[in-house]
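Two complexes are shown next, each including chain A; its partner changes from chain B in the first to chain C in the second.
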Partner chain A sequence: MNPTLSRPAWLLLARLGAVALILALWQTVVSAGLLPSMVPGIADVASAIVTSLSNPLFWGALGRTLLAALAGWMIATVVGVVLGLLIGSIRFLDRSTSILIDFGRSFPVLALMPVVIMLLGSTTTMEIVVVALSALWPVLVQTIYGARRQEAAVADTVAVFRIPAGLRFRRVLLPGAMPFIATGVRISSAISILVAVGVEVISQAPGIGRQITLMQQNQQWDVAFAYLFFTGLVGWGIAVGLQKIEDKLLTWKRQMND
Partner chain B sequence: MTSATAPASPGDVGTQANGTTSGTGSQPSRASRRGASGGRASGGRASGGRQAAPRRKKPPTAAGQLLQSTWLIVVVLVLWWVLSARSTNFFIPSLQQILEALGTDLTNGVIAGGALYSLSNLFVGLAIAVVLGVGLGLVLGEVGWLRRVVDPVIHFFRCIPQAALVPLIIGTFGIGQGPKMGTIAFACFWPILLNTIDGVLGVEPTVRHFSKVYRVPKPLYFRRVVLPAALPQIVAGVRVALPIGITVMVVSEMFASTEGLGFYILNSSATFQVPQTWAGALLVGVVGYLLSVLFVFAERRLLRWYYASGAK
Partner chain C sequence: MTIQDSPAAATTHVMQVRGMSMSYGTGAAFNPILQDLDLDVVAGEFVSIVGPSGVGKTTLLRCLSGLLTPQAGTITVSGDEVHGPHPDLAVVFQDYSRSLMPWMTTRENVAFPLQGKGLGKAERNALADENLAAVGLAGQGDKYPWEMSGGMQQRVAIARALAYQAKVLLMDEPFASVDAQTRFDLEDLVLKLQHELGVTILLVTHDIDEALYLADKVVVIAEKPATVVDVIETGFGEDRDQLATKADPRFAEARARIMHRLKKD
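And now, the complex of A and B:
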């Protein structure tokens, strides 16, 4: 629509301008006193961001959160893919589990937190369990979709040539469901980080979410906002990275579709 | 934010939004929706063909289908009942105790008041998110250059953990109902926005040109052309936003609150009323499930024309 914006340099400039506009708006609202006095200005948050960068406590907390999210995510991926391929390829199981899976997937796992804390305490194990429970559903549901979508011709070929179950699982079912699995795994990666931070906010489990709550309670609002900024940045970076990997790994699929 | 050089292709927002919408695992786009239910219709029997399956085996009766889809739930509940009945762990009460606690508090109004408080927060927050998300999404979907400029900002905000916002927003604006609604609205806003943009981008180019050639006035164009065309995608966005909203609702009441379902769960666990804690968590799960079932039901009715148009 606007020819100048199709040039990357202009686009970058316009994007920076948009960010600057938002920041300016924030600063104006804060200095005008429209928001409660706790909300920090841009300069405070910026300096808090810079000091956080050299703060080992911050990096440690962020690392703990990411490790817990990673562990929960990996458990969810393995369990979700194996269960999903099984359920999706066996009609009977698919029918039997559908209500249970719908229930599980609409269950706000963070509501279970007090129960899980009672059972496991405010530990990293508890955090990993809650993350895995939350991140499981997208992988599971997507894998079931993928496994269900077997083309009739492929299914017939497998039957006619009496392809053994193991080989069928590995070379037919898995690649066929792969694009769906990839989407599920990508979605659950975002959920893992969100939930890991959420768990730390509610419970006393150590990590960046806990730090945000602590800083807020200590009235260090600029640091709290800086940490919030970093968690958003990390989640965003991971989302973009995984999208790139997915595009690259699944090029064969895209070409087939075109 | 200088690293904000996400891919600059025009369909940028759209493709990413597609990923978001599948948050619940369901496929919102027309093509895949067709595909997913197509797979269901074809029987999906790996050993038989599409044609062979019905001949070899009669389709199950309604009762048989009901039995098939419910037996596992019965088994799970019975197992839970039997296994937890012998539990000596203080933190794992028997299912009987949990249900008794649920029954007592449901009838004496403790839960009902909390549920009303929680759900009104949820619905107001969601309504704000729908109005703002759809409004802004329609504009961003139509105005390409603006969409490309703000795309990185949208994705950054979408990635901010909603739960981490709770202490900040409540700490800043107080523990009233308003800040809770605001947090829910903020969390639900992004998936609805991204899906609306995606839906607007999916409007048939021919229809778009047609409206332009006939100089259909802008308000009419938005109301009668873009909005209906984007509606399936918008509804999919709200479906994704609903569980997010429920989660934020519970978290916002666990953080600093004296009311609501989240408070009921947290308070009972803090006072070691273990069956009540389990009952509250179970109830939130059931409420979440019922809301999503109701939503799908409403979606079927609202989008009847869409399913009837062969998009199935």
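And now, the complex of A and C:
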């Protein structure tokens, strides 16, 4: 390790190096003609990225996709957390729903899309429904895990001090399960964006997914790649943001583990 | 087994147990824990229940606190027959680090049961701060339990039980997992609080010295299934001292009597 560089600076350098390496590899492969000619070089994609920044059509499409993903994700989070806390804390419910939940989480919701499109059409509502159905499972399963793991001493305390059910739900079960819920919510956020884009590609519902397909059909591969890049950037940004919020909210958990 | 009470106090029982029995399992796995247990606790009294490890003290305390329902017998608190946790009872658990909620500050932990009672926020926080001060944690309300030592966490648990304004405090080996010096400090704190607030305390412990030092009355439980084998009025009065009281000849005498009782089994 370079002694003149601080640890974080060194890490940043190493990460940038990894990115540079991948880009160099890509350019080499494209320049050598190893890939079909429609794959654009780095310079083309970079210029397409810059042009997209001033394209209102692009921003509109990205905004639509993000709104649909956000709506589906929020529905999934609220439904998943409430259902998960109920199921995880009531043994009868936990036992009777376990098969249903194992089935649901492994069910490919995208395969259900033709049915959903038939019912709701190629609309944003349909997109939100599919996103919510896909993003629900990680939140639900993680919340059930979290609610199940309530400490016996905490349960005794709640019983002895006669804490009413609603208060127990909000101030004991929910925060106690929060470390697990946070993981589920983070996984779901990534799924939400992936599914939203995927739904748009398949169903041609308006959004960045549809724009990517249109650009490909127009042979504007550089623009299609630029849009893909932005989609990835947004997903990454959200994951980083959620991790930051999680670190703040769950200080107690980290302290307890130390 | 019966317990003799002083006649004057007979009408002020805050807790009475009659013929309580408890067992786990059935058939070949039948495991009787408590048998035909009687107990009388007078208002304002400090009662220690002492017995060897594994005798069923925790089961007894869980029955008394309403967390378990005994198979036979009755428990009355403030004249009501108990069928679940009673509002006049609060418990200080042995496992303080787990019975406090790590996501709440100490003030929130102490105030939380009061929210269940329907008190307003200002009132809850005032009561919490007042009781934190009473256990020597004035100004520490914004700290989290995990920022505190074990002894301090147990003080928070005591403050929570006091703030709940229960008539009877049940304590399940509350000082078993702190170091000796902290333990003496906590014992003296509990004595002081009991005298100042007039609260009734029922402490379960395996430590004979602790039982004697703190209590007005020591109830000895032993045998299998467990039952009351002796009741000793300590008569040390209000002024107790870790050195002087333990050097009192009556202390040594009572200690020998309890050890003898426990050894016989």
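One rule holds in what follows: the second predicted complex is superposed on the first by the 243 of 258 C-alpha atoms of A that agree within 3 Å, B and C clash if a C-alpha of one lies under 4 Å from a C-alpha of the other, contacts with A are read in each partner's own complex, and residues count from 1 in each chain.
In this section, a contact is a pair of C-beta atoms (placed from the backbone, for glycine too) under 8 Å apart; a residue touches a chain by one contact, two chains touch by 3 or more.
Computed from a predicted model, the values in this text were never measured in an experiment.
Trainee: With the two structures laid over each other on chain A, which partner does A:39 touch: chain B (first), chain C (second), both, or neither?
Mentor: Only chain B is touched by A:39; chain C is not.
Trainee: Pick one for A:178: touches chain B only (first), chain C only (second), both, or neither.
Mentor: second
Trainee: If you stack the two complexes on chain A, which partner ends up touching A:24: first (chain B), second (chain C), both, or neither?
Mentor: After superposition on chain A, A:24 lies in contact with neither partner.
Trainee: When the two structures are overlaid on chain A, which partner does A:245 contact: first (chain B), second (chain C), both, or neither?
Mentor: Neither partner.
Trainee: Looking at the overlay, does A:162 come into contact with chain B only (first), chain C only (second), both, or neither?
Mentor: In the superposition, A:162 contacts chain C only.
Trainee: For A:50, select first, second, both or neither according to whether it touches chain B, chain C, the two together, or no partner.
Mentor: neither
Trainee: Looking at chain A, which of its residues have contacts with both chain B and chain C?
Mentor: On chain A, the residues that contact chain B in one structure and chain C in the other are 152, 156, 159.
Trainee: What residues of chain B sit close enough to touch chain A in their complex?
Mentor: So the residues of chain B in touch with chain A come to 1-2, 4-6, 8, 15-16, 19-20, 22-27, 35-36, 39-40, 42-51, 65, 68-73, 76, 91-92, 143-145, 148-153, 155-168, 171-173, 243, 246-247, 250-251, 254-255, 261-262, 265-266, 268-269, 274, 277-278, 280-281, 284-285, 288-289, 291-293.
Trainee: Considering only the defined contacts, which chain A positions touch chain C in the complex?
Mentor: 151-154, 156-157, 159-164, 167, 171-172, 175-176, 178, 252-253, 255-256
Trainee: For chain A, which residues are in contact with chain B within the complex?
Mentor: It comes out as residues 1-2, 5, 8, 11-12, 14-19, 22, 35-36, 38-39, 89, 91-92, 94-100, 102-103, 105-115, 117-119, 137-138, 140-142, 145, 148-150, 152, 155-156, 158-159, 168, 183-184, 186-187, 190-191, 193-195, 197-198, 201-202, 209, 212-213, 216-217, 221, 224-225, 227-228, 231-236, 239-240, 243.
Trainee: Hey, which residues of chain C end up touching chain A in the complex?
Mentor: 65-67, 84-85, 87, 89-91, 93, 95, 98-99, 101-104, 112-113, 115-117, 144, 146-147, 160, 164
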